[in-house]
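The data blocks that follow each hold one structure.
Paired with chain B in one complex and with chain C in the other, chain A is shared by the two complexes that follow.
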Partner chain A sequence: MKSIMIAAAQSVTPSGIIDRYPNSYNHFVLPFVIGISFIIVYLLIGLIRVLYHLTGEDRMKLLKSLFIPKTALKNIRDIFCDCLIHTKIWKRKPLLGYMHSAIAFGWFMLIVLGHLEVALFAPRHLEGITEGSLYYPIFYRFFIWMNPAHETLRGTVFFFLMDFFLLYVLSGIALAMFKRVRSIALGMRHTTKPSLADRVALYSLWAIFPLRLLAEGFTADLSGGSFLTKPVNWMFKAFFGNELNFMPTWWAYSICLGLFFLAMPFSRYMHILTEPLLILFRNAGLKVRKPRKGFAEAEIYACSSCGLCIDACPMNTQKKNLKYSSVYFIRFLRRHNNRKINEIADKCLMCGKCAAICPVGVNSPEIRRVQRETLNNNLKFDYSYLDSTSAIEKPKANGKILYFAGCMSHLTPKIIKSVESILKASGNEYEFMDKDKGICCGRPLMLSGKTEAARKTIEANRKLIEESGCTTLLVSCPICLKVFKEEYNLKGIRVIHYTQFVDNLVKEGRLSISKTSMSMVYHDPCELGRGCGIYDEPRHALESIGELKKAPKERDESMCCGYSLGSLTLDDKDRGKIAESAVENLLTNKPDCIVTACPMCYRAIRSKSTVPVKDFAEIFCDNIKLWD
Partner chain B sequence: MIDFGFTVSPSSRLDLDKMDRTSFNALAKIEPDVLKCMACGSCTASCTAAQFEPTSLRQAILLLQRAQVEQALNLLKGCMLCGKCTMVCPRGINTRHLIISIQKIYGK
Partner chain C sequence: MKNNILVIGGGPAGLEASANLKRMGYNVILIEKESKLGGHLAKWDRLFPDGVSARKTLEALTDEIRGVNCFTETQVQSLNILDKSYNAILSNGITVLADAVLLSSGFDLFKAEKKEEYGYGIYEGVITNADLEKAFREKKMPLNEPRAIGFVHCVGSRDEKAGNPACSKVCCATAVKQACEIKEVYPNADVYCFYMDLRMFGRHYEDLYLKAQKEFGIRFIRGRVSEVAEMADGRLQVKAEDTLSSKPIRVTLDMLVLMAGMRPSEAGRSVGRQINLTTEDDGFFSSEDNLLAIQKSKLPGFFYAGACTGPKTLPDTLHEARSAALEIDRYIKENTREK
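== the complex of A and B ==
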């Protein structure tokens, strides 16, 4: 203590900020320095690894995207909104959003302000590693003595801001602790079971900020403080009296920081550093090519293991299926546990709800699909019959609408009949592409990982569609719609779902609709809603027929009917359970009937519903004037 | 050889000793639904691929039990996994996974 005072007395600069330690070093910074050095080296190696595993083409794409102004702006906006402010969590669960942005944004501001403070008041220490630039801004309050006689407004504002953001972070930490005890209060029914590394990182993260408050409180009479640290200082001075007590606290603070950084790469907190990279990759338009390397690796490490996907997963109606959630899938991918990876990958319904609500935007269904590809793509198949010209009738639809019903619609002839009636009633000429013999669209093969086989059926169908000379391809199955839009690359041909088609007819007034007093609820099929982004058209059209009621979970949070082609191993019983809960969700507001726009959902929901279930086309067919 | 105007039809004898129990058990382990099949033929009747090429899951299961693996695989190679058979199966068999599993285990 004596030496401190002597050093302080030695050189009083006009700014009033004096290094208490002439060489600005104390042993207690070591744990922090070790931790931060480790994480920097780890990050560099990781970044090189991920970039190395990207294909050359993808790397070029990424490089180019960084210089396109539009993408660059989007990158900046996304990084700001998603990494710092967390708009996505705020929108869904405000309290959770507050908790997370308090910790993330608050901590970020503490780091930025700390560095600014040093840059303004002790710029010498940012000049290089030898001057302590690695640790000095973090432990600034330990190393300085501020002459109370030289207190400036600028300094006081910084003191206030630092204390304010510390309080902000502490409020977030308090919420986080409360969430561990009662997660439902913050809107989460289930949370993830943390792994060992997660626990180490979690508890050290919790400890960092209270310790920081204590540590800075102990030194507040030397280095200055504001509304938070000053009272702590007064209180502890009264309790302990001796200023030497503060050394263990600074040690503990530094150890917690070091521990956090050491545990970080093996824990969920890796998402803090990986998310910006993922945003760059995603905005560059990269795709998952291998389930564990390159882009997928960035996604895996960007997963924050928050567990929002556990509540979202339609399989969670049964507790035994909680383990198939995306968060655990990603965890096993990270651990290279192949048996579990395949088990979960095959179980998933691929409804895409986890990806839709993921705060980080990890598209885990896509990783699952690629994982299936590694096992199933080389299974034998023989589609030589698709090449024989005699087997398939070629549709002729010069300038007309070409209607593709799809395999599933053929199991529900009602849908096909209704669509045809609507086409006729609206005076459209059309050609029925797969009236007798249709080729599967290829989506089920894609979903099961047989991509090469899917390419064959896609090629065969594409040839038929393009040679038919149609201008519009009308589809009545959302599963087909998605693959037509994404994989077929049909130039000059508009691909529309029948809900869009009917909505257009309604808008143009080409259907004479008799409005009823019936109340309906609309079930969003996964592939139509989350898959193709079609939410408004069917709703708008249905409002012209009757009263449309809301379901608690709808639009991008709509529940899968359970019979999705995405799942390979889910058995009939479990699917039935999911269908039951989907129906329960739809019937919450007591509608007279359920309307859906997918042949699979139609069959699934009809088998469990207590009220009539109608297909979108069917309900229109019932309520329009068909013939003059 | 004298042409009698007819030939001896190929033997339709089944050699059940050739049946590969281990493979079938492995199949039943990863997809137990294979034991549920009652050979009603709904899958074959609704099959998309069967419109072009003989494809039948019902028959394939029977053939596997009769040690005729080659023929069974031939009946499944044209499958497009469209999933119609799953929807129509009265026993609720997970047909798509069954087909993939058969191809995985026997098709090596």
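== the complex of A and C ==
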């Protein structure tokens, strides 16, 4: 059979590469062609759908961003680092990172090198569909016969590279198989249960590369090969004699590829193709506006269902709450399971840890917020009293600091007392904006999806702040801080948290601090750390007071205290359990006391801690000279 | 017949039970962690609903315990279950082999500083019900000519966030009693009670409530206090909601009294942990049956009396102490007959 094929060879290229088949076609390519055509059509329709559901303004933003050199560069860098190399996973779990980059980057290189090879040695086949450009580069090794006498250095390098990357991918696949059996070995306590489509795609993905090795191995004596495919060829020859019946392996290889592409849109592997789009959207600065359409749809399909967020979720201290993890939220959104979507959306504490550790960067708390909006934004509210001039006193703070305590600080009067003492001790003049009557900062309303209501209070507050003539807005509650920073658009006014304020005073030497031998651990409040990116200032300032110990999980991996305003339905017992595990994490290195910088965290942690819990301002008040 | 009975806790329940067991002919060993007998009763001034003296009531109880081996400033160091008895090593070095144990460890007052929004321990003008009783008892009132005084009901009771959804049963009547008393001391002050709902379930409690309104002019506001702030002159600004008129209100007070509720006694719980006594969700010990056998624990020979199985009024506690004595007597007799 082989000799007939070779006899039918049509053209001889200078490098000694000969097409073994007339028309460069064989029936075995059909499964692959069907699969790849399906996925291309599906992707095109999907892309049009997603773009259609973006608002006109967002579309323009996206288009413009593609031509801004800085954003374009960032796009390229992000796509390379996140989609191919998976730097985020590498940083957290190196073995898991290796597995992902082996499969993603390895496969990518196989495709690129395969096309390069064809472009160099058989450029005719890239010229159009009729020349087999769809499948020819993929099955290049099947269609050619290489004259060993004409072997070139360039060809050998390609053979080597192809085998090298195939080995690279195979090592990743081996790890992936091992992970299925023992996920803990790769650093994952919980992993997701795959759906049917996931399984089909998963098993065909696993099979693709070993089959490719077999198929290319079987034909390695005809088409050439390197350190991997050649030995396979020799070995099988030793077993089966000279007449290798290679057709079944090529068929199997093609079928697996086809199956993978057919299952892809219904499986988690859609993330491979969606992630680049998500990166473009994110870098263009688009926002989620609807929970299932436009940007959100890109996020939903970019979720790789890896389940890293299950271990990260603070609710997982109880197994019954595992079902509220982001990965399941996204899964139910994708399946339009409305009842479950709303239940999960309302339960979430919105601590943002899942988004912080997500390898793809899916911001699921934001989608949950928008999902809440669909139900809660239409609820009735009446803030007409905000318009009457008598209800709220207008603060006057010409050139001074304006201090906004917020409702949670008012429920923890020690914090307010301490902040005021520090302000006085540092000789700063200030005005207390909500000492007596104040308006809600709007963040709790935003979190519960009552965006319209939030806009009312935000607008009223914004007016008060801008008209006060202050230069700095000092905030003692991170919940308020986040909304002041993100939604207020206060021009010419510096919005700072009291940890930043105190840190500045420490740096400028404006507080006379008595250093103690006390050891402390600092708890990162969600809204301050992950929410506003403030990790270093509180730590730096605290180091001037005593020894700062580390907690196993801190900074962007810090655990939520459990009492976040974000959850609309989590009950007190469950919250208590979360607080307990947060305290346990903080006490690992046996500090003398716990310090935090959020009134909510302060209350929660204090209720469960066995060591004293201090507010950041309070501990400074205890250790500075207040009045001369 | 000189069976040893160990009674843990020398409050009203422990005293009353000891007296009864002694009368039945048992050898009673009563231990109390404080230096004085009487528990919370020893710190109180007058008792609702009739305003009788706590001191006299306690004297009447202690008069009856002659012949009881009584150790104050003593705690259980270790407790072991033997075949049909309990072996307790006390902190004073004495070892007791008891045929039955009665736990009458009572309650601790809720730590009012946990409700930080009320400012206990932060603002000088904020005190608790126990602080006020102490002031009454020592006749050292903290204020001169106050203009307004407030009482907050349900501090640490019926409050899921404070970790206690249950009612503490006695605070409503205590608050009304204290409000009347304070009005007697300061007739010119306005007195407010902030309540959720008033649970005036006992005989004469309702009369007390009516008297408070009619004779003393105490103003009852249905709604919880949301926050308390200190003003420049040291007075307190209290924000609350009047849920009957659906309006937020704010009043300026000279003193705010927090009606701290009942929590399980920590000393009692540490005894319980020695022999793995079970507690219910509220932290109080679980009885064999909440209707028929509230004095019995799930361990043979181990009994309860008083507030260690949940908030109780003084009369309830005394009844339970007596019935626990009867149960212990029955248990001992049945056990000896088997021998």
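Following the convention adopted for this analysis, the second predicted complex is superposed on the first by the 613 of 628 C-alpha atoms of A that agree within 3 Å, B and C clash if a C-alpha of one lies under 4 Å from a C-alpha of the other, contacts with A are read in each partner's own complex, and residues count from 1 in each chain.
By definition in this document, contacts are C-beta pairs under 8 Å (C-beta built on N, C-alpha and C of every residue); 3 or more make two chains touch, one makes a residue touch a chain.
Because the structure is a prediction, the values reported are computed rather than measured.
> With chain A superposed, do chain B and chain C clash or fit?
Clash: chain B and chain C overlap once superposed on chain A.
> After superposition on the shared chain, which partner residues are touched by A:Leu565: those of chain B (first), chain C (second), both, or neither?
So A:Leu565 only meets chain B here.
> By the touch definition at the top of the document, which applies to A:Ser544: first (chain B), second (chain C), both, or neither?
A:Ser544 contacts neither chain B nor chain C.
> Is A:Leu445 contacted by the first partner chain B, the second partner chain C, both or neither?
First partner only.
> Quick check on the superposed pair: does A:Ser607 touch chain B, chain C, both, or neither? Answer first, second, both or neither.
After superposition on chain A, A:Ser607 lies in contact with chain C alone.
> I want to verify the contact counts: of chain B and chain C, which reaches more residues of chain A?
With both complexes superposed on chain A, more residues of chain A are touched by B.
> After the superposition on A, what does A:His410 contact: first (chain B), second (chain C), both or neither?
A:His410 sits against chain B and chain C alike.
> For chain A, give the residues common to its interface with chain B and its interface with chain C.
410-411, 436, 572, 603
> Provide the residue numbers of chain B that touch chain A in the complex, in ascending order.
The contact residues of chain B facing chain A are 31, 33, 46, 48-49, 51-53, 73, 77-84, 86-88, 92-94, 96-97, 100, 103-104, 107.
> Please output the residues of chain A touching chain C within their complex, sorted ascending.
Per the touch definition, chain A meets chain C at residues 410-414, 417, 435-436, 572, 576, 603, 606-607.
> Which stretch or stretches of chain A touch chain B in the complex?
Per the stated touch rule, the residues are 346, 375-376, 379-383, 385-386, 391-392, 407-408, 410-411, 436-440, 442, 444-445, 448, 450, 453, 457, 563, 565, 568-573, 600, 603.
> Could you list, by residue number, the parts of chain C that touch chain A in their complex?
Checking each residue of chain C against chain A gives 114, 116-117, 119, 122-123, 160-161, 163, 226-230, 237.
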